[in-house]
Amino acid sequence: MSCLSVNNLSCVKRDRVLFEGLDFTVQSGQLLHIQGPNGAGKTSLLRILVGLAESESGQVLWDQQRIQDVTQDFAGQLIYCGHKYAVNHHLSGAENLKYWCRMQGLAEDVDIFAVLDELGLVGLETLPAGQLSAGQQRRIALARLWLKPASLWVLDEPFTALDSSAIRLLSEKMEQHLKNEGLIILTSHQPLALSHPVRTLQLEYRL
Amino acid sequence: MSCLSVNNLSCVKRDRVLFEGLDFTVQSGQLLHIQGPNGAGKTSLLRILVGLAESESGQVLWDQQRIQDVTQDFAGQLIYCGHKYAVNHHLSGAENLKYWCRMQGLAEDVDIFAVLDELGLVGLETLPAGQLSAGQQRRIALARLWLKPASLWVLDEPFTALDSSAIRLLSEKMEQHLKNEGLIILTSHQPLALSHPVRTLQLEYRL
Amino acid sequence: MQFESWSEFWAMGGYGFFVWLAFGVSLLALIGLILQSRLARKQVLRTILQEQQRQKRIQASRSKQVKGNKA
Amino acid sequence: MWKWLHPYAKSEKAFELCARLLPWLSISAIVILATGTLWGLMFAPADYQQGDSFRIIYIHVPSAILSMGVYSAMAVAALVGLVWQLRTATMAVAAIAPVGAVLTFIALFTGAAWGKPMWGTWWVWDARLTSELILLFLYLGVMALYQSFDDKQQGGKAAGVMALVGVVNLPIIHFSVEWWNTLHQGATITKFGKPSIAPEMLWPLLLCILGLALASAALSVYRFQSELMRREIHRPWVQAQARKEHSDAV
Amino acid sequence: MKAALGALLGRELALAFRQKGELLQPLVFFILVISLFPLGVGPGPQTLQKIGPGVIWVAVLLASLLGMERLFRDDFNDGWLEQMSLSAVPLTLVVLIKVMAHWLTCVLPLLLISPLLALFLHLTADMYKALLMTLILGTPLLSLVGATGVALTTGLQRGGVLLSLLLLPLFIPLLIFATSAVDAAALQLSYNGQLAIIAALLLLALALTPFATAYALRVVQG
Amino acid sequence: MKAALGALLGRELALAFRQKGELLQPLVFFILVISLFPLGVGPGPQTLQKIGPGVIWVAVLLASLLGMERLFRDDFNDGWLEQMSLSAVPLTLVVLIKVMAHWLTCVLPLLLISPLLALFLHLTADMYKALLMTLILGTPLLSLVGATGVALTTGLQRGGVLLSLLLLPLFIPLLIFATSAVDAAALQLSYNGQLAIIAALLLLALALTPFATAYALRVVQG
């Protein structure tokens, strides 16, 4: 049982308050869908949650400890997929994932090729990723969810560029993760098609 | 009345045939929705249609003339929005659009600020575009549809990163364009919510 | 024959080192190029055959998938 | 010439033409080159000034002349490829460049080995030497550019552009010899350059030039074939050819 | 059309001045290279004068190479290049504008501080005059030819080293003519011949390289 | 942890050597830069020997600058930097690995072929030995300090001026010490003092710059 909680979080960009006094807790088996119009601050919030950006005030707690104090543990339990894919155009899909896995300290024996096959990239594993289509690059980025056993997933618009079959695949994976006591925090402008209950957090666009 | 037609078009990437023998005609007031799974070749097709890439065989005709022979006319009638936004991160949204309009030879009096306001970017016009959210950058890219009076729109997944209100705005704009005898060719993995009839072209993923 | 004996021929009037160095390295370079061309051809043949095998594998995996979908 | 060239734009036809040319080219190259070299090394008279070191001429001059000739051939192929959109021509550029580079290397090396006994140094920054070095770098640039592209279709076109841009350099290099030498120290090569060369020295030289030219052609053709196969890996004829060559080899 | 070209130039200049640091980089490098030599060679005015023109030219060459590398990179990455290819303005003109902007922002500053360097390296007035003439004629040539090389390597991994491998051989003849002109000036000889050749090369490049560059840009966009 | 660092190094090297031919490129580049000087300055062996150390240092500087600029750029643009920041590996170590990879792929080849320089620039054995020592100590320093500057300029425009201001005061002393060491060697004098200073600078940089660089990277990701 792990939990991510946030208290009194606020974010200011260029003298503009994006949100303030945010409080919530996400526990194992829960999914939090952060909603809001373009520019509301969803991405900014996610980046604060994972520790890429600093909040103006307030804290992010992982199992009741500030994430800055337990970076190692937290990093081991986290997968973050942002707007940027982190897929190098000159390396092949398989290489991209291989280096990512090693960097994350995963055992050598994860079968990257099997995962790529499952994601419909048969035969494209060794092509430089720059030559893949937008959706195929996105699939490589998402393959990380298959590769690393982590309890917290933070996903920024994961359905971008995916076709309907890939969306189905990802949705199934997310449901399975939630069943296995995982936590998911995501943003998406598309409606989620999950049978699992979904909590939502609405951010507003303030000027 | 203008029309874009294609005959016997085929595309080969790395000796892989993406599609061949493609024939279709799009006329004023028509919308063609190109569908297909990730990697089917939708983007490749669009790039051939606008003249950015070369086809392996076959021709693209604009008003019965090869687009390579009427580049000037064709360019004047075309707006292309690809996967890449063509929004420079160091320039502000207004500047980005200003230079684009001038380059397209549009009159000086187009009111960029009014368009940006309509697209919900009030107050952000002079921020460097790199500091805008994903959806806001996308809106800047799409503002081109408001700025240039062109009959042919070629849009590669225009709804990516947009929130529902922006999608509605864009859909209305597209309907209006079609009523004004415009042509639209687009790809999208999301269903279109248009009252106008939609033609579809299905591409298959071949390996 | 300009030379009286083989040893004179190898000596090249005292310039043997330079003459044979020049000719030797040139010969080596040419042979190297020939070998490299040959190797490159072999490499191409190998990739073509590998590619054929890969195609077969892909076909197999796809037909399996189709069956899976039907089931 | 157009009608003549065009059928061979089809890659399979081009491959067959090469297959027919290759044996003739290689056999005549070996015979002529061997004759010329042996004649030059054993039977041609020694130079009255340079003694036997002059025999380096039989490899130096052919390779030096051909290093430039081959570049021109490559540039012509590039031009054809770019202007008339012939894919096979850009493949030829990629096939020829390494051959030219090796010839240039040979010219440089033999020149240096000749320079040591004659001028007392392996290397000086003389116009001709420098220009030959530049030629080597032009070749290497074309090759590196081609290799850098994952998409060989793009790579072929890019290498073609590079080869053509480099061509502008050829005459410049050639003429700069005069300007540079008149302004800096005197010419080094003219010391040797006798206006006429004895026929018994000239004949083997001509043979060597012809032989090396044939050898370069043979190698280029062979590499061109490989390039064709690599670029059209999925075509049925390539697969058939690959199976055939493979079973021949085993 | 004129308005369009003006806008393109304006955009380039706006971008260059937005990133002031990038403007400074070639300049800093230039000064660094030049100041190295008095340090490395020892401050004897004779020696400095002798190697001065060569050093300045080599420094200009390397500095423009350094600044050139990003000529089309951002535009390629963010898709602006696509938009330019699809506009009614011919890509050849776009290329010319970009080269001009690059010359104005990266090379002109070098020319402006060159009197200072001439002082630094003890050049005579005659030599400096010749040097300046060769620079004025030669650097646009550098930029034009350089643009072709940059276009060819746009989007490639490790473009920088490959770029110099492609470009330096093309630049060497220019270097030879330019330095020989300055040497002639030092000996009070006429150097019109060299200038004429550089000018001819410049005209040739002006006529041909924009097309080659535009073609290369189309190729790399696939 | 060790495996993770190994993987990062492996990735950098894999990227650097994507194409086989790229191994050769630094070598050719170096020869080209070196050959610019005899062409520009005139081929006299005395002059060449005198400017030799400076020339070699300029070439090294250029090579490392050319490669440096893209040190974090691609990783920043495609989001790999985010992933690295979020992994359990401390960013300071990541920075060290990247600098090491840069040094190995861009600078080491130059050191390896440096014996050729002795030939090209007519250096004496003593001079060559001193040069090699300064290069071995000085180039990692260049890379370490350069990385901090590059991190500051990555992805935003503010740091640009900083880069130049930061690098210039550091490079010039380095060049002075390095070339004066070689000069001392040419005169058969001891140059331990210069080497000691460079070594001290290197140690200082090794201790401090990775932290500065990592901090800068966090800041630019804001």
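A few notes on this one:
As written, the chains take the letters A, B, C, D, E and F, and residue 1 is the first residue of each chain.
Following the convention adopted for this analysis, a residue touches a chain if its C-beta (ideal position, glycine included) is under 8 Å from a C-beta of that chain, and two chains touch if they have at least 3 such contacts.
Worth saying up front: this structure is predicted, and the values here are computed from it rather than measured.
Hopping across touching chains, the smallest step count from subunit C to subunit F is 2. Among the other chains, the CA centroid farthest from that of subunit A is the one of D.
Over half of the residue numbers found at the subunit A and subunit B interface occur in both copies, marking it as a same-residue contact. The two copies, subunit E and subunit F, are related by a rotation of 175°, based on C-alpha atoms and rounded to the nearest 5. No other pair of chains shares as many C-beta contacts as E-F.
One simple way to say how far apart two chains are is to compare their mean CA positions; for subunit B and subunit F this gives 45 Å.
Between the Cα centres of subunit C and subunit E there is a gap of 41 Å.
Mean C-alpha positions place subunit D and subunit F at a centre distance of 37 Å.
Each chain gets a centre from the mean of its Cα atoms; for subunit A and subunit B, those two points are 29 Å apart.
Within subunit D, the positions touching two or more other chains are listed as 130, 137, 140, 144, 148, 151, 184, 233-234. Within subunit B, residues 14, 83, 90, 207 each touch two or more of the remaining chains. Residue positions of subunit E with contacts to 2 or more other chains are 18-19, 77, 157, 162, 165, 168-169, 172, 176, 183, 222.
By the touch rule above, subunit C contacts subunit A in their complex via residues 54, 58, 61-62.
Touching subunit D in their complex are the following residues of subunit B: 14-16.
Across the complex, subunit B is touched by residues 151, 231-235 of subunit D. Within the complex, the subunit D residues that touch subunit A are 150-151. For subunit E in complex with subunit F, the residues that touch the partner chain are 18-25, 28-29, 32-33, 35-37, 39-42, 47, 50-51, 53-55, 57-58, 61-62, 65-66, 69-70, 77, 157-158, 160-162, 164-165, 168-169, 172, 175-176, 179, 183.
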